[in-house]
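Read from first to last, the chains carry the letters A, B and C; within each, the first residue is number 1.
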Amino acid sequence: MIMKAGSRNLSLTVGGAIIAVIVLFVLFGPMVSGYEFDQMDMRNRLQLPSALHWLGTDNFGRDLWTRMAVGARVSMVIALSSVAIAVVVGVTVGLVSGFFGGWVDLVVMRVVDIFLGIPPIVLALAIVAALGPGVVNLTLSLAAVFWTEYARVVRSVTLSQREADYVAAAVALGSSKIRILFVEILPNVVGPVIVLATLGIGTAIIAESGLSFLGFGVEPPTPTWGWTLAYGTRYLRSDPWLSTVAGLAIMITVLGFNLFGDGLRDYLDPRGVARRHRRMSSS
Amino acid sequence: MNFKRTLSALAIAALMLPGAALAQNIRLGADVDAGTLDPRVMRDTTAYRVINLLYDGLVQLDASLQPNPDLAESWSNPEPTVWMFNLREGVKFHDGTTLDADDVVYTFETILDPDLKARFRSLFTPIETIEAVDPQTVRITLKEPYAPLLSYLDMGIVPKDFVEGGGDLSSNPVGTGSMKLNSWERGSRIVLEPFADHWSGNVPGNGFEFVVVGDNTARAQAFEAGDLDIIQSPLSPQDIGRLAEDDRFQNAIMGGLGITYLNINVSDPLLADPALRKALSMLVDQETIVGQIYEGVDQVATSILLPSSWAYDASIVQPRFDPAGAGEAFAAAGWTDSDGNGFLDRDGEELALTLSTHSEDPNRIQALEYIQFQMQENGVNASISISDWPAFSAGVRAGEHQVALLGWLNIVDPDRLMYAQFHSSGTLNWGGYSNAEVDQLLDTGRASIDVNDRIAAYRAAAKLIANDLPYYVIAYQGYQVFYSEGVSLAPDARGMMRSAARN
Amino acid sequence: MLGYTVRRLLLFVPIAVGMVAVTFAIMQLLPGDPAAVLLGEDATEEAIQDIRRALGLDQPWWIRLGNYYLDLAHGDLGVSYFQNQPVADAIGQRLVPTLEVAVVALLISILLGICLGVVAAIRRGSAIDACCMLFAQLGVSMPVFWFGILLMYLFAIQLDMLPSIGRGPPLAPALGKALTGRPADLWLALTHIAMPALTLGLTNAAVISRLVRSSMLETLGQDYIRTAKAKGLLPMRIVLVHSLRNALLTVVSVMGLRFGALLGGAVLTESIFGWPGLGQLAVAAISQRDIPLIQGVVLTFALAFALVNFLVDLLYAAIDPRIRYE
């Protein structure tokens, strides 16, 4: 038991620490470097780290430290807002479907099934192609992939809560449906949703890099980690440094959010509701 | 240095290299699978390259793009609008039938039929009639004199009886080429084997295998790992230096038949001003784009005419990279930074424009990114728009772009690059460029049979275009090929192997 | 049982209908014209209009959607604009390679995931446990295409052990030949499939190892296991017989959901390793606006997804006798 508590704290601590470092990097990284993220210098392309350029330079001679810091901001905005949209849509749909049941539930869950059946990356690609590239559209396309997960989990939690004694008691006391939904049931879905969302951020960061690799990323010169990695992969053999920096940054960040999410899960959701329903999309 | 390599490359392309490993198939990397193996409706590069081995045309273009006899042994031009072709005797298709004039007539008649959806139909629309005079003679009558015709007659000839009998050439190709289809695993590989009955009587012992690997980096790695014998453009410039230094590989860079250019939309209210177009083009740093981003495979372009073309004239030049000169030109046109925000403005309007290209070519995206940087540095608030090919091309086609980065390929004749693009009535004149003098010169170039008249016309037109700047030509595309030791054949500047695949 | 099967199949029909509509709507929103793409950049406007008519693209959207449903009801998926062949044929040629790599990836990830998970659970708190779980964390944190290219660099170029690209002989016939004593084809097929399958299976292996570990820890802590221990059964048998069954239940249910993602996730893997599968076909179809082909691929994915989940439910019942489907 002590062991378990220890490892839970460890996950939370390490994950939290990584996230804190990234937040500091996002906030202060661009300021301390002394470079603009889009300042090109073609005579100093693909430099290794030095006192001048702490992480070296990219294929246009731009300071990689600054680009990674600004890129972290862009990647975080995409990841956080796509997950946030997915949470809002998914939780609403899940609550309504689970609480009202009957034909509402039947129809809503078929819609969820339809979106689940389209492979995540195909759906995301088609939506980016339809809306055009850009931070906002990329965010929307990822949200369109992610929301089903929350809808399913929230629905099943709601279904089980609906039958619980305290809800029956609330109904007997004459509480309104809306009140029961938001006051009695919603708090119970918060735990699993927070856990899923934390893990979802990592998935979003990886998905962004995959879309960039296929040429459906954010438009240059906006730096995202996915773009830097996708570009860097093309220089893998001659200048492996570029993709190593971007790849490690993605890995460590996703690791941070995943550890944090795992720690949170043990803390908030010991029954494993979120775990059982998690649908991780690999892309 | 580069030029030397180009020269030796041309020599290599024309020759067969020693040290053949005869029985083994030669494995070529391809970036996409072929969509169809019917030459009349081919669309992608892989299809061109495979079809080039499976089929023969009436003529065959040599390294300097001059038409040489192929299925047609000889031809004559008794009147400006009449061409007579004498066919080679005893030419066999892969299905054992013999080629005659009906097959040639059938090939071009079906291409001209809109129902076939042939991509190259517009190249042949000046043809009035095509008829079989006798089994070995074909007569083509033109609506008006059309000099580029011969350059397009390397189109593969298809067997009429086979197609009319219900044969499907798109998946079951039957040509007269020195190679015939062995197997086609869609999305993966196309295997060709020698056709022993080829009319030249002289086919290599080995077959060819086109292996599809979508990702450029992965394809280069596969070549290094020895799983491919030949890789060719498109390649990632990043891989080129490394492969060139590797002793195990031979390599050749040739002047290609394509250009990379900026399409500056002359019907855009802002860009309608030629002075502004000129100032903007002085902000395009060709040297850096070609040298650093394309790693020296391409050449810095000077005009719309290709160096490999008979019409080329080095004295025709567009504006060169000159930020200071651009600044003066902007000022002369009334653009100054009156509010001190780093961007030029005029009458309260900021000088802002959108550069666009498509998402399929990372090098073009990089080039555009660099151009954007230079414009930003010099007071032009340029932004970038990148969408996938169908969306991007729909926008350009509708003339909605401002400055678009594009390319043209397979420019075997100046007419191919200029008539449709710059003639007022041109079908690909998306920006609506119109100059009566250019129109007249392009008409002359198309109708004259005397090559000297054509040269004069195209040079004069190129000079006007270098001044008007509806196009700013960034680079002459290079064609690069790498092949491993022991490979006996090398493709020509279009990546074609028809001549190399015969002894 | 039969009734259950029929019900599940009927349930797929409305989903398929809805899916066609959703895909169709997205295709309507996509800018760009298949006819223009088909003809290339040097096409004239007149030629494009001819093609639009030939493809039926000049008709209003409800007629085209209606026609598609009608054809679908007759089992006709239409003809691909770009492949010059019926959609069903185009998909048929790509389905087997995709299934090959997906199944091998699944096998690798289940084997690897269970081994790591079991070892980590038995040696809970040790360095081995830490290593296994670090692998699991890194496995889900690594972008697939980066892993694939690094893998290719290591095994195909540096070590020169595996072919870098392409598919070997078809796996199923090769397996048959190997069973009759001719293993050459199988070996060739396996060397080709190893890297794509590993790339595709990495994330899954990581997910499974975590599921197995936590499920085993949960079971190991339960009363009946303690009882079994008290009865003096061998620790190894306790681990395998009691805990693993529970762990498998979790793995099976999650894998059912993940198989769809696995099929779709093959897009990047296929493009790196030149694997002629459905993922590459899907990307090409989108970037060419090949509407019938996109519809066909999406329906195929959905059907595969539904089938696998059906199988998962049956498997579930087989592993856990308490579950019955009526």
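Structural remarks
Just so it is clear, a contact is a pair of C-beta atoms (placed from the backbone, for glycine too) under 8 Å apart; a residue touches a chain by one contact, two chains touch by 3 or more.
What you see is a predicted model; the values in this text were computed from it and never measured.
Taken as a contact graph, the chains are fully connected, with every chain touching every other chain. At the far end from chain B, in terms of centres built from Cα atoms, lies A.
The greater number of contacting C-beta pairs, out of the two interfaces B-C and A-B, is seen for B-C. Look at where the CA atoms of chain A average out and do the same for chain C: the two points lie 22 Å apart. Distance from the chain B centre to the chain C centre is 39 Å, each centre being the mean of its Cα atoms.
The distance from the centre of chain A to the centre of chain B, with each centre set as the mean of the Cα atoms, comes to 43 Å.
Counting partners per residue, chain C has 30-31, 149, 153, 271, 286-287 as the residues that reach two or more other chains. Shared contact sites, meaning residues of chain B that touch two or more other chains, fall at 217, 221, 360, 387-388, 391.
In chain A, the positions touching at least two other chains are 129, 132, 233, 236-237.
Chain A meets chain C in the complex at residues 3, 7, 110-111, 113-122, 125-127, 129-132, 202, 206, 209-210, 213-214, 226, 229-230, 233, 236-237, 243, 247, 250-252, 254-255, 258-259, 272, 275-276, 278-283. By the touch rule above, chain C contacts chain A in their complex via residues 14-15, 18-19, 22-23, 26-27, 29-31, 124-125, 137-138, 140-146, 149-150, 153, 203-204, 207, 211, 214, 250, 253-254, 257-258, 260-265, 267-268, 271, 279, 282-283, 286-287, 294, 297-298, 301-302, 305-306.
Remark: chain B residues 216-217, 220-221, 236, 238-239, 241-242, 288, 292, 359-360, 362, 365-366, 368-370, 372-373, 376, 384-388, 391 touch chain A in the complex.
Touching chain C in their complex are the following residues of chain B: 32-33, 35-36, 38, 41, 43, 114-115, 117, 119, 121-122, 170-171, 185-189, 211-215, 217-219, 221-222, 224-228, 360, 387-395, 397, 406, 408, 420, 427-428. Only residues 30-34, 36-45, 47, 50-51, 54, 82-85, 90, 93-94, 97, 149, 152-153, 156-157, 160, 163-167, 270-277, 280-281, 284, 286-289 of chain C touch chain B when the two sit together in their complex.
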